[in-house]
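Across the two complexes that follow, chain A remains constant while its partner is chain B and subsequently chain C.
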Partner chain A sequence: MSKEVISDIQAICLIILFISGGALALPTGAAAGSDLWLAILMALILAIPLYMVYARLLSLYPGKDLFDILEDIFGRFFGKALGLIFIWFTFHLGVLVLRDQGEFLITLSLPETPMIVPIILVTLLCIWIVKAGMETMGRWANLFVILDAPIPTIVILMLIPQMDLSNIQPVLYDGIRSFLKGTLEALVFPFGDVVVFLMIFFALKPRDSKKSIFIKGLLWGGLLIAGVSLAEILVLGEDLYLSTYYPNHNVAGKVSIGELLQRLEVIAVVATLTSFFLKVSVCLLAVSNGMSKIFGFKDYKILATPIALLMCNFSCFIFDSTIYKFRWLMETTTYYFLPYQIILPIIILIFAQIKKRNNGRSVKKENKSV
Partner chain B sequence: MFILVILGYLIVGTIEMIPLYKENRKKELIIYSIFFTAAFIISLLLSLDVKIPSPTKPIENIVNKVLGK
Partner chain C sequence: MKKLYFIIIVITLFILSGCWNYSDVNKMRFVAGVAIDYDESKDKYIVTSEVVKLLEGGQRFGSALFQSRGETVFDAVRDTIMKNARKLYWGHTKVIILSKDVTGKRLVPILDYISRDGEFRDNVWILISDEDTANEIFENTFENRDEITSFHIDDTLKNEKNISTYHAIPAWRFIGTTYDKGASPTLPMVIVAEKDGIKVPKVRGQAIIKGSNLVGTLDETETKIYLWIINELEGGVLTVKTEVSDRPIEVTLELFANKTRIKPIKSGDEIVIKINIESDFGIGEISGEVNVIEKKAREVLKRDTEAEIKKQMENVIKKVQKEYKSDIFGFGIKIKDKMPEKWRQIEPYWDEVFKDLETEINVNVNIRGSALTLEPIKIED
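After this line comes the complex of A and B, so read on.
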């Protein structure tokens, strides 16, 4: 199989769409109350060193992904065991996003439809795009970022007449503690989810600067999320924002310019669904790539279908109700995903650096002795 | 309902597994069929309205215990 390559622009587009995937529709950093826009900006700043860690890991091993790196550092057995942990978290993330997508559609637009229908349709599309390969996904992201990034921006601009600055004042009224909690929430979702890209960026060109790819994607995606959240809280106010499950949809419905431009939530739904789809398919690609690495296959496309079907099944029974899901997302996900997104990559990077340095020393010694 | 599930899985299985069988890739075929059978069993149980225990509750309990809540 010839090696797949994606350009750096495509990689940046993938990261932008991935970050905006869940966070465009769902509230993030809700613990910070009316300061959540500030919490998201703070999380953006904190995410920069985190992304440096990811970029450093990838540039230490050009052309390889996380599973190769783990096997190289920890040996065959422990490397595969750690890989399985990463696979489980990625699988769970994909399941959660798939469930979000199905619930989003049936709560807002198609209340009579059973939830399995949108989930199955998106699962089939995801299988298709993963079978088509990484290059196709990159080109798809490059095309759809033109659709998905401007729509929320235009909606924000149209909402300016209805914004009320008193909704965010006074700043930091709830105290620094809840602000920090909101920052942590925003750091884990959506910014920390990008750890999935460690598992699929085997396709980058070896000479591309990983750092600039990650940071550019983070800045564009993060500013988009922060801007949308700021507009939402300015229009809705804290109480209404926290009581709705999908604030972006509510806000887009409030657009009304000269009795002519109204009810833009349909366009917002299109933007949200496409980015949800990309997030699920990136997770699916990562899981099937990891599974095929663990079992020693050459091609990751073989296992895409059964894993996608498993994801589809899990997303049907993983939560009993929407309300329980939102409570779980608020209370548990932050601490559940924390080790996988932040702690484990840092530990792996430390081990990788030590190993590289030792290798460098032994090479130098050999040179000297020769 | 469960007839539809069986039919769907039959179609997907024949499309995907026959090329693997023809190319004689034994290992891939075995792993593939393990995952595929797991998905099929869960789907069948879901279509028969059997309640499957969700991993959400145990995860919540573990996280709360670690945090000391």
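After this line comes the complex of A and C, so read on.
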């Protein structure tokens, strides 16, 4: 298998798009009410140490991914079992994002089209990009960041006349408890999802600083999300924000500058769909890679098609309606994803550190004895 | 292999070159506006939709009216399609006119339908008909149906800045305000008026909605003062009676710029709402020969204008507090912003508190210029 390599800029772009995929369209940190922009910023700050953990894990094992690391630390059997758990998490995440993407299109513009149609189309594209490989994906991300990051920023700027400061005042009126709950929600979605990159960043150049890749991606992506959420809450106010499924789309339609610049929903939809697509592709790549490592295939690319078709299938019957899905997402995801994103990586890092230190000692001992 | 690709490309040409459920423009009808009434005796909604129609000759647009009934608004809308035999397209709908008796508990389902339905743009204008029913607005205006009433109303509402006798808010903002405990929304009212022998719709005054009930109305002058208080006034004229060197005259002032700041302050245990108004005027018209432009007379004019504005504002606020008991000025929101702790205590009794809320109005008027002339026109006998 030829070794794939992506540059650090491409890796940063991947992280930016991955964070904004989904979170650009869907509300996040909703429990914090009108303080959710603050909750997202708080989550961004909390995500910095978390990303340090991810970066540290990768830099302890340069050129390896999570599955190699797990096998090295916990041995063949337990390592593979833990790997399977992570594969399940990533698979489920990919399914959810795929479903979000399909529902987003169906709800907003194509109510009479069956949901499977957009889902199948995106699935085919995902198979294509995963088969083309990690390098192609990196270049794609590099190109599309130029499209996806400025569009929401421009929309925010054009919404300034519609903003009302009293929508976010008084800050922390609902109390610190709901604020913290919102922070946790925002930490899990979208920031925690980046744990998926542990499974595909075998492609980083060994000498690149993992820390700076993760932190730069986090800052750009996180600030974009926080800015968009702040604009949404300033325009819509807490109650309308929470009552719409897709606040960003709603808000983009409110842009009205002169008679000329109106109804920018369509541009917002383009930005949202492309970042959705990237998020699904990254998940698919991670699952394929993990499966191929666990079952000892030489190349992950042959697994892309069956796994993508499984995801496609699963995303269609996982929820029976949008209402049910949103309830599930609001009530369950935070606690369901938390262990995979925060608790397990920290435990793995602790074990990895202990193992490295022991290795170091034994190496020293051997040196001495020689 | 090449042949296979060729066949695939040809096939995709046929399957993908078209939209899934495309409907031709000539198969659809564009709804310009909707009027919603309620038939008490039969317990049914009456929905009148004004549909854009190409007039004979194909050069100009006119309109046609369709009426339908249903248990719910959605039901009635579907009924329109049956009668119309063509698909109705709601994406270009500009106005929704509600009759007075639709407010109350029937307002919520209508708002829900507007914000839930994908085809409605949620920045349609909502108006209240000041006539007996809402469909009169459509039926009695432009009787030849060679103009589109809804577009006429839409144009009027967009020119709010120059007229200031009503305050238009799009549906989504109205729905947002209904959520708020500390504020009651208002809606503009529309009547049928006559202009040059043609009946046209005229928008004037505001209807006050409280908890989805219509509790009262503001007339044109009161609406202007209301706009002044909520800092939405951007132009307009004000006539002031003043007395310069013992001769009473009327001066019409044109408003150039206005800034209103509402600030709640604590005085003892009570809350006092402080309204600071900073207005720039120009002298627009002087009825009389008195020179009000020279400095001393200008001082008098300034003082009288300030007193006049203050008096009118106090009257409107009193009326809203005592008669309608609904916080259309958003004082509650201001209190929540500035004194969250106090608001937590008074929120449950806000209606009672608002009724007896003290206000303190400070007006500062600047007379900036006198348009093109320096002195009044003198008529020498």
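Please note the rule applied: the second predicted complex is superposed on the first by the 370 of 370 C-alpha atoms of A that agree within 3 Å, B and C clash if a C-alpha of one lies under 4 Å from a C-alpha of the other, contacts with A are read in each partner's own complex, and residues count from 1 in each chain.
Note that a residue touches a chain if its C-beta (ideal position, glycine included) is under 8 Å from a C-beta of that chain, and two chains touch if they have at least 3 such contacts.
Fair warning: this is a prediction, and the values are worked out from it, not measured in the lab.
Peer 1: With both complexes superposed on chain A, which partner does A:L110 reach: first (chain B), second (chain C), both or neither?
Peer 2: A:L110: touches chain C, not chain B.
Peer 1: After the superposition on A, what does A:T305 contact: first (chain B), second (chain C), both or neither?
Peer 2: After superposing on A, A:T305 lies in contact with chain B but is clear of chain C.
Peer 1: So, does A:N313 touch the first partner chain B, the second partner chain C, both, or neither?
Peer 2: A:N313: touches chain B, not chain C.
Peer 1: For A:D239 in the superposed arrangement: first (chain B), second (chain C), both or neither?
Peer 2: A:D239 sits against chain C, while chain B stays out of touch.
Peer 1: With the two complexes superposed on chain A, say which partner A:F295 touches: chain B (first), chain C (second), both, or neither.
Peer 2: A:F295 sits against chain B, while chain C stays out of touch.
Peer 1: Quick one: is A:V97 in contact with chain B, with chain C, with both, or with neither? Answer first, second, both or neither.
Peer 2: Touch partners of A:V97: none, neither chain B nor chain C.
Peer 1: Is A:S166 touching anything from chain B or chain C once the two structures are fitted on A? First, second, both or neither.
Peer 2: second
Peer 1: Which positions of chain B touch chain A when the two form their complex?
Peer 2: Checking each residue of chain B against chain A gives 12, 16, 20, 27-28, 31-32, 35-36, 38-40, 42-43, 46, 51-52, 54-56, 59-60, 63-64, 66-67.
Peer 1: Chain C touches which residues of chain A in the complex?
Peer 2: Listed in rising order, the residues of chain A that touch chain C are 107-113, 117, 166, 169-170, 173, 236-237, 239-240, 243, 250, 253-254, 256.
Peer 1: Which of the residues in chain C end up touching chain A in this complex?
Peer 2: Residues in contact with chain A: 20-21, 115, 118, 121-123, 172, 175-176, 179-180, 330, 333-334, 336-338, 340.
Peer 1: Which residues of chain A touch chain B in their complex?
Peer 2: 291, 295-297, 302-303, 305-307, 309-310, 312-314, 316-320, 328, 331-332, 335-336
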